[in-house]
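Below is the structure I would like to discuss, written out as structure tokens.
Just so it is clear, A, B, C, D and E label the chains in written order, and each chain counts residues from 1 on its own.
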Amino acid sequence: MTIWDIFSILFCLAGGVFFLAGVVGMLRFPDAMSRLHALTKADNLGLGFIVFGLCLRSLAVPVIIKLLLIWLTVMLASSTACYLVGNYILQKAEDRPKEN
Amino acid sequence: MMVLVVVIPFSGALVCFLVPKRVRRYAGLAAAAATSLMVILFALIPKGADTFHHALGGWKRPLGIHLQADGLSIIFLLLTAVTAFLVSVYAGPYFDSPQEEKTVDHHFWTLWLLLWGGLNGLYISSDIFNIYVLLELVSLAAVALTTLKGEAEALIAALRYLMAAMLGSLVFLLGVAFLYAEYGILDLGGLGGELRATLPTITAFGLMVFGMLIKTALFPLHFWLPAAHGNAPAPVSAILSALVIKSSYFVLLRLWFEIFPSITTYAAAQLLGAMGAFAILWGSFQAVRQERLKLLVAHSTVSQIGYLFLLFPLTVAQITGEHDPSWSMQAWTGGICQAVSHAAAKAALFLAVGNIVHALGTDRLISLRDLKGRLPLSVFTIGIAGVNLMGLPPSGGFVAKWMLLNAVISSGQWWWIPIIVLGSLLTAGYVFLMLGHVFAPSRKPVLLEPVPRTLEVSAFALALCAIFIGFTTSGIIDLLQMELHAMPVPEALAWSLP
Amino acid sequence: MTELDSFLVYALTAVTLFALGLHSLLSRRHLLRKIMGLNIMSAGAFLLFISVAHRNGKEFADPVPQAMVITGIVVSISATGFALALARRIRKKTGLTSLDYREKPSPENHNRP
Amino acid sequence: MTGILFDMALCAALILTGWRVLHSSDHFQAVVLFITFGLILALAWVRLEAPDIAIAEAAVGASLAGVMLLDALRVMRSAGKEHEQERRWTNVARLPSFHLFFSFIAAVVVLVLLICAVLELSGRQGGLADLVHAELESSGTKHPVTAVLLNFRGYDTWIELGVLLLAVLGILTIRECSDLRSLAPPVASTIVFETLVRGIMPLVLLVSGYLLWRGGFAPGGAFQAGVVLGAGCILLWMAGHRSLAMLGDATWRILLILGFLAFLALGSSSLLHTGVFLAYDRQYASLQIFLLESAATLSIGTTLAGLVLALQPLKKDLSQANRDVR
Amino acid sequence: MHHFYLLMAMFLFLTILVGLLRVFIGPTTADRMLAAQLFTTTGTAICLLLAEALQLDGVRDTALVFVILSIMAVAAFVRRLVPKDPGGES
């Protein structure tokens, strides 16, 4: 087991912790708006750490490029998704202020 | 050579999709004529192993898909070609008439030619997964055609039809999965040779047969049929009733006699026969009670399908080799004659009814009185087709029922006799119900929409075809006997690896 | 042995999914559920194919069932799209969301409960 | 050991989500669960070492079907418009209990029978895998699944393209419009989403091309590439880009049939030359397969996009609605 | 080493299973959609880990397809409801 492998394991574990945090937040936070935050942590940091850990493991340029591309796309797409959902929640609230 | 019966209609479909609207009708008719010609040529060429066997892509048996044809394939190809051509002739003016203005620039020809190609493909396919894909092609095309009118009833019927068809295909697909898990091949002949009576095999058999029964709409799985066939445009009803139903029946014959002959039992065949018997009675009973002309004809289809399934109990002894094969040959002749003559007669009936609906603007049975002796050719067509369905001589239907009765008597399975007789009586009942209304005194003068000559003549020609089958009985039986010798024996069709 | 076990796990799941889909197709009324039921049935059939492919293969799963499943997925998405289009059109024309209906209703109860 | 546990967890999740998809009380929940079901199924394909199917499932089951269902659900939930025609029907409030009982019994009987059949399956190592690998050299491609799809069982693929074409034609028939030109131009979306789509489109095209190219030697191929392409078109439409609405009628039609036509042309030419339908020339097999796959990719992309886009508002609907507003 | 990645994938899969609760209890549609979005990201991570564990390169492409199409479901979800989307196949 090389030093790279140990770092890889550590980074993956850190990513796992963030995913766990994400899902706990998803379950425990009181409303949809605050659950958005839980989601972003898992998306950006959780996947980021795991991608980084796997990069350390493979050390092959094409694979690393693909992994980083995936991470970048996730960050873009998930922040847009969160924006869209947040916008949707706000509009819903405007349409029907009485409900919930 | 053989693959052309699929390639030509598919090419025609693409041409019809690309050409401008004005010429689409002529392009479609030309493609239909070319396809029919091709099928007839194929049936006439001298018979040799390589004309009836085509390895697609040149790959050997278990790996590639092979096409193969036998007598049964040729009969179904011919039956499709003749009926489909006359329906195409009918469809041209039908869809161009001012009444159908609503469906401007429709895709009838593309859908119909794709459907036709799919049917032809089914008759020459010898690969169970390929059969699945073709069945889906046929079902989707048939459902799309059902919706051409765009009325709410037609849409509801079409969705129910689509659900039933998808369920049938999926059940069939699961059966394919079991067969592949057990034997690792997909080829009809190869599977027939290797079959062992294990539980997965029997499950696959049950699943595949059940899937085809749904698609063939055998009682009590006919729930989707009357609405779908009754609400489609006339040529589409004719296509669905005459041809699409027959394709899944054909697949059932293939399954029963080519893949699974070693595990089909007397009891299973009797069960199919009993379902067929109930279909005969229930379908004609319902037909008598209908108030709408098209629904009456659709229920008549449910009943006529029942006769097709009398073939199974009457031939199963032949497979086990316990009985004299002469009467099972009669059962085969009867069953196939029934399929052929029903196709022609039912198509003629739907087209003639389409003419009357076109003229009157309604298909209430009661409004037939307003015809007052007009549209004599269409009424005559209904009469001839009715004679065929009842099984009166001289007609294909007579030969079919006669042969079936002969087989029943020779096999000693006397319990089918009352069914056949009662079914014929009920059929006579609904045919006379239609004709009785025509000759009844009319209520009030009604202005009829003029019916183009082509519509009447093509429907009449189809009815004549149904009668013609009766006149050439001996020739057809000879052809059937010559070809069908190979059918129940898997060895004759199990091609060795090249 | 472990391969056989994992084959059984997936194959049993496959037939369970098939039966689940069948049940909902027969018992659920809403058209969307029926269509989803058909999709889950087809997922079951595909899963049986691929578990067999996995069992057959040595280092790579048997490619023939894989190809068949890809074909099947295409067919299934086409049929699903078509069925959804029909369901939407029926909803628009008649207000129905299921095929179990009565004619001539009182006007107010056409909406889904 | 870990592996089998993972398998069991996956299967349990599949059954759980499958069951909830069909029997949860809320339709929206069912659709979200259906998307999740697709995702879990894709993971199962990965576990079963079928990455080709995993890619297809990721694109179809988890994305495309989700979009279709969400779209349909939104439409079917909304109160229908009264001006279409007077309503003659109403939904039945509930089914008779014997119906529910019967369907339950039927499903249980089928399940028991199928489970017995699966348990009885002989553990024989059959299948056509060895034959495929033996003939792979002469098939013109290095990836076995592509070889089966395009070469050994190319006939199936050809007919499957026909099925796709039929689905779009069927939808157009139902909508009573002849082609995709009758669609109203898309409505503009938010600037954030539009920017994202602008940014992501090159990536979508890149991935589509990459999958097509990879299909020659690794998991990927025409279908996967086509789905990604089609999804990209749908994204463009949803973001409010009008570029797709500007394609001409002829272009639409040709794109729709291109794949089917390519198979037909190749098959017929080989039928003329060698007497065998869909036979590849040994020398040019890989080039022929690549061309076929490219054509099929374009067709599949257009068709799948068409399956969603053909359900969007039509021009005539829009003008109708405007009249109603006035 | 492979076992570690497989275990890790399994752990992430368990988080999906736990997260399913949010889909079941809701209460709003937005909550359910957010949970689905989280699953997509988690699924991507699982694919990447499995690609490493099973040494299947094609699985990374699966992850890539997942992420570029993940936005589609959300975009379909937030599209305007029928009254503001005149005509629509409603």
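Keep in mind that, in the parts below, contacts are C-beta pairs under 8 Å (C-beta built on N, C-alpha and C of every residue); 3 or more make two chains touch, one makes a residue touch a chain.
Every value quoted in this text rests on a predicted model; they were computed, and no experiment measured them.
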- [ ] Provide the labels of all chains in contact with subunit B and in contact with subunit C.
- [x] D
TODO: Select, from all pairs of chains, the pair with the highest number of C-beta pairs in contact.
DONE: C-D
- [ ] Return the chain whose centre of C-alpha atoms lies at maximal distance from the corresponding centre of subunit E.
- [x] B
- [ ] Average the CA atoms of each chain to get its centre, and name the chain whose centre is farthest from that of subunit A.
- [x] B
Open item on the list: Using mean CA coordinates as chain centres, what's the gap between subunit A and subunit D in Å?
Closed with: 28
Task: Whole-Å gap separating subunit A and subunit E, where each centre is the average of the chain's CA atoms - done: 11
Task: Distance between the centres, which are taken as Cα means, of subunit B and subunit A, whole angstrom - done: 57
TODO: Could you tell me the distance, in whole angstrom, between the mean C-alpha positions of subunit D and subunit E?
DONE: 18
Open item on the list: At least two partner chains per residue is the criterion; list those residues in subunit C.
Closed with: 11, 18, 22, 31, 48, 52, 56, 64-65, 68, 71, 75, 78-79, 82, 85-89, 91-94, 96
TODO: Return the residues of subunit B touching two or more other chains; collapse runs of consecutive numbers into ranges.
DONE: 129, 133, 136, 140, 143-144, 147, 152, 155, 174, 178, 180-181, 184
TODO: Could you list which residues of subunit A touch at least two other chains?
DONE: 69, 73, 77, 80, 84, 87
Task: Complex interface listing, subunit A residues touching subunit E - done: 1, 5, 9, 12-13, 15-16, 19-20, 22-23, 26-27, 32, 35-36, 38-39, 42-43, 46-47, 50-51, 54, 57-58, 63, 66-67, 69-70, 73-74, 77-78, 80-82, 84-85, 87-89, 92, 100
Task: List of subunit E residues in touch with subunit D within their complex - done: 3, 6-7, 9-10, 13-14, 16-17, 20, 23-24, 26, 29, 32-33, 35-36, 39-40, 43, 46-47, 50-51, 54, 56-59, 61-62, 64-66, 68-73, 75-77, 79-83, 85-90
Open item on the list: Per the contact definition, I'd like the list of subunit B residues that touch subunit C in the complex.
Closed with: 129, 133, 136, 140, 143-144, 147, 152, 155-156, 158-160, 162-163, 166-167, 170, 173-174, 177-178, 180-181, 184, 186
Task: subunit E-touching residues of subunit D, taken from the complex the two chains share - done: 2-3, 5-6, 9-10, 13, 16-17, 20, 24, 26, 28-29, 32-33, 35-36, 39-40, 42-43, 46-47, 49, 51-52, 54-55, 58-59, 62-64, 66-67, 70-71, 74-75, 78, 80-81, 175, 184, 187, 189, 193, 196, 200, 203-204, 207, 210-211, 214, 218-220, 224, 228, 231, 234-235, 238-239, 311-314, 317-318, 320-322, 325
Task: subunit B residues within the subunit D interface of the complex - done: 3-4, 7, 10-11, 14, 17-18, 54-59, 62-65, 102-107, 110-111, 114, 117-118, 121, 129-130, 133-134, 136-137, 140-141, 143-144, 147-148, 150, 152, 155, 174, 178, 180-185, 198-200, 202-204, 206
